[in-house]
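There are two complexes below, and they share chain A, which is joined by chain B in the first and by chain C in the second.
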Partner chain A sequence: MLELTVYGIIYGSIIALGAIGLTLIYGILRFANFAHGDLMSVGAYIALFLISVLFPVLGVPQERFGGTSFGWPLILAMPISAGVTALIAIALDQMFYRPLRARRASPVIVAMASLGAAFIVRNLIYIFWGPDKISYFPGLYRPAWQLPFDIRIRPDELIIVILALSLVASVYLFLQKTKLGKAMRATADNPDLARVTGINTERVRLWTWGIGAGLAALAGIMYGVNAQLYPEMGWSFLLPLFAAAVLGTVGNPYGALIGGLVIGIVQRLSTEWLNPAYQPAVAFLVLIVVLLVRPQGIFGGRS
Partner chain B sequence: MALLEAQGIVSGYGGMEILHGVSIKIEPGQIVTIIGPNGAGKSTLLKTIFGLLSVKSGRVTFNGTDITGWSPDRIVRLGMCFVPQTENVFPSLTVQENFEMGAFIRTDDYRARMEEVFALFPDLRARRHVKVGALSGGQRQMVAMGRALMLDPKLLLLDEPSAGLAPKMVELIFERIKDINRSGVAIVMVEQNAREALKFSDWGYVLAGGENRFEDTGPALLQNEEIGRLYLGG
Partner chain C sequence: MELTRLIVSVTFGVLGGWLFSFFGRSLFVRLGLAILGALLLGATIVLAPREWVAYLLAPAITACLYAVLALGLNIQWGLTGLFNIGIAAFFAVGAFTSALITKPMPTGLAAEYTKQLFGWNLPFIYGVLGAALVCGVIALLIGLLTLRLREDYLAIATIGIAESLRLVFQNERWLANGPQPLSGIPKPLFCLVEDPPCVWLPSFIRELLAPLDSRDYGVMLLVLLALSLMGLFWLLQMVTRSPWGRVLRAIREDEAATSAFGKNVFAFKIQAFVLGACVMGIGGALFTASVSTIDFGLFHPMSYTFMIWVMLMAGGSGNHKGAVFGAFAIWAIWVGTTFLSDAVVPFQFKTQVFYVRYLLVGVLLIAILLFRPQGILPEEKGQQ
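Now for the complex of A and B:
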């Protein structure tokens, strides 16, 4: 049980990173971004390209810190991939979503456009890398540490949790303390008033895409480090991402954090009694229960 | 020179024309109230002046600048702020954060201004770190006005500041509006509580059917029997 909870926290912190972006985009751009999971895949595969193709050519030192995947290649690949994924998301916004906004298209139309963008992205990954599962560092031996209470954890997993939770804390501070962060929350609250107040809402939108996609890319890479990459990986994350965002009240980034951790832990704990293949169904079940019992989510004070 | 002058404004929503050539004028430091029956186009006029609706015909000049067709974020920079009737605060932000957003376009140190605004609304000072969504209707209205005042505007447009408030609160809000005016801010407001508002207005306009009907000083409009009968409920 304890071990499954630990695995749940690892998995949940990855979900949380993805769900923050999803919930911010919903709050500020007012549509459900079905391509958000695929942004995670994009981030993961860009890192794969850097690590396995570009860095060896450039002569980046390949050694890693004992028993982990972390070394110069991964440390460099994470920020670069996050930046490139952010630019891709902004480009998608300018190409697809901005013209729809200008026409005042309904949120359903924009969400459907994002579904189209998701298919495009996923199939581009198929074209370039094929359908097989790939590891960042094939054949790497990663022994697990034996901790008290019979918990076995790999150093990689420990690094992932620490990294994810510090990213989550930085996002929190960013939203709470900086002018741009406050403007993002204000725009999510009331876009019309934000415009009347003189906030450049179009620039806030660009930053929302950038930050949301960057976090999604990092979440994708962390998942790839812990497991393996495959083109459908992001798509399979979509359900837990939505469950986490809804659980934590759509539009509320702090809620998405808590929601992500809860969904991650519940999914992993369920494997104690259920076949692990049912984990997506567990996320779906949580989603349905939340919608029935408390549709406004745990942080939704006002209706 | 008038602070704000709108001449022959024609405007509306989409294809529907609501204002058929309305003109108003306000001098620096004045309070001007616009009254009239529902559908007269009072709110439409404010939104058009502030650039939220496009001007189909006519001209708006503010402080000597022709601002016809300008967008709100440019108009704000000239010193005109608008408080919408509803959804005029950021509910999940605190009082202080709402004021900070009001000062968003300021690049200088606005802390002194924030203290001045808190001085105008003492009830809000103790609640500065409370989320606005948790405040009462009257307090929210004060937050909305405070947010607009953060830019130290020359002119404040208020769309029905007393709508939906308890009578006691209406009185309080009107007192605050007088305080704001005394601090040197000119005010154009649309009001349903016409009798109360006209008492302290330097000038009043009566709109009906998207056209100017009457205009005079506030007290004179109150004494006009025809206006009393037609627009002030007897």
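Now for the complex of A and C:
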């Protein structure tokens, strides 16, 4: 049980990173971004390209720290991939979503466009990497540490949790302390009021895409460190992401953090009684319970 | 001319005339277009080389299936504005329900290899009704849960139910043979091509069908699917041109105003969602007629959710004619590019080309949303 909870926190912190971006986009751009999971895949695959193709050519040192996957390749790949993914998301916004916004298309139409974008992105991955599962470092021996209370954990997983939680903390600080962060929260709260008070909402939207997609890319890479990449990975993350965002109240990044951890822990704990294959369905079950009991989420005021 | 070719050319002619007639506004023009379309497609089959006829059979059957699914989505999205991203799941559930109702329980050694919840060995029509019923019940549950909430929650819930059903079907062997394919699904009306043909038919039709043998079943299937599609179309056209259909459109355009007029918006939305799901379930049942084996891997969202969306949006959402035309047009392009890429692209790039074509489908969807949201055949205003 305790061990499953720990695994749940590891997995949940990855969900949380994705869900924070999803909920910010949901709150500020006012539509359900069905391409968010695929942004995670994009980030993961760009890192794969850097690690397996570009860095060896450039002669980046390959050695890694101890029994972990982390070494210069991964450390360099993370920010570069996050940046590139952010640019891709902004480009998608300027090409597809902005014209729809300008026409005041309904949120459902924009959501449908995001479905199209997801489709394009996923098939690009299929074209370049094919449908097979791929690892960042195939054949790497990564022994697990034996911790007290019968918990076994890989050093990689420890790094992932620490990294994810510190990223979440910096997002928190960014939203609380910086002017841009405050503007983002204000826009999520009430876009018209935000515009009236002189906030450049178009700039806020660009930053939202950048931050949301960057976090998604990092989440995708962290998932890839601990598992294997496959083109549909983002699609299968979509359900936990939405469950986390809805549970933590749409538009509320702190809620998404809590939601992500809860979903992650519940999914992992469910394997105690259920076939592990059902974990996405468990996320959906949590979502159903939330919609039945408290559709506005844990941090929502009135519905 | 042999009998099979005659039947295929008549069916193609009827379908072609029907599709062409969508583009006419007055009765006169429609009639002219229908004759033109019928002659064009009918003549193609009459004059085509023998192997072409066989090649065209399977895509034509699939196009009819896609058109049924697009009609189902048109009720949900086109008329009522309900966002369903779980089409593939309703299609699959319809197919599995119908398969279990129409196939017998395996016995003896086969029972070791095929596990299934039940096998009623009933006629095909019960399979169709059962598929519609089960899909309707699933839609009712999702609708009760989400249709009171913000509109995109429905979309999320349909993804959720689709993924969950996929996991259940792929992991529970007792239900419908789990990850293994479910085989031995009976072919409806197979007696038409048997020798001697179905005993219940009048004797002159039996004499007419006598030259057919079991290899010609595909031809009968095309006729069955084309007739089912046209029957469904006619039925749905009646249903949605009624006052009930008008309320659906009113909800799509302005929910608050509709409820101000005393209409129970929630109830109407649920009815529309359930009806659309029933139609998708019927599509699944019809699909089982065309295959003898199904497994859940067949019902991939890429081919049965996104494609249907693109077909409906391209054809013209809100218009049943648009839904049908979009399905046929997009499928024709898809099949055409298959032939083209098979002929032109070197062998080693085959898999990539497959995904390139899917990618273009995504581009097409966004292009439609940006440049022609009303589709090729926009909704006919004022006629309803």
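Details
Operating definition for what follows: the second predicted complex is superposed on the first by the 301 of 303 C-alpha atoms of A that agree within 3 Å, B and C clash if a C-alpha of one lies under 4 Å from a C-alpha of the other, contacts with A are read in each partner's own complex, and residues count from 1 in each chain.
By our rule, a residue touches a chain if its C-beta (ideal position, glycine included) is under 8 Å from a C-beta of that chain, and two chains touch if they have at least 3 such contacts.
Just so it is clear, the model here is predicted, and its values are computed rather than measured.
In the superposed pair of complexes, A:Asp192 makes contact with chain B only, with no contact to chain C. In the superposed model, more residues of chain A are touched by C than by the other of chain B and chain C. Applying the stated contact rule after C-alpha superposition, one finds that A:Ile134 touches neither chain B nor chain C. With both structures placed on the common chain, the touch criterion links A:Val246 to chain C but leaves chain B unconnected. When both complexes are overlaid on chain A, the residue A:Leu4 reaches neither chain B nor chain C. Applying the stated contact rule after C-alpha superposition, one finds that A:Lys182 touches chain B and leaves chain C untouched.
In the superposition on the C-alpha atoms of chain A, no part of chain A is touched by chain B in one complex and by chain C in the other. Chain B meets chain A in the complex at residues 50, 52, 72-73, 76-77, 82, 84, 87-93, 97, 100-102, 104-105, 133-134, 147, 151.
Of all residues in chain A, only 31-32, 34, 96, 99-100, 105, 107-109, 111-113, 115-120, 123-124, 126-127, 130, 235-236, 238-239, 242, 246, 275, 277-278, 280-281, 283-284, 287-288, 291-292, 295 touch chain C in the complex they form. Within the complex formed with chain B, the chain A residues making contact are 179, 182-183, 185-186, 188-190, 192-200, 252, 301-302. Residues 81, 83, 85, 145-146, 149, 151-153, 155-157, 159-161, 163-164, 167-168, 170-171, 301-302, 306, 309, 313, 351-352, 355-356, 358-359, 361-363, 365-366, 369-370, 373 of chain C are the ones touching chain A in the complex.
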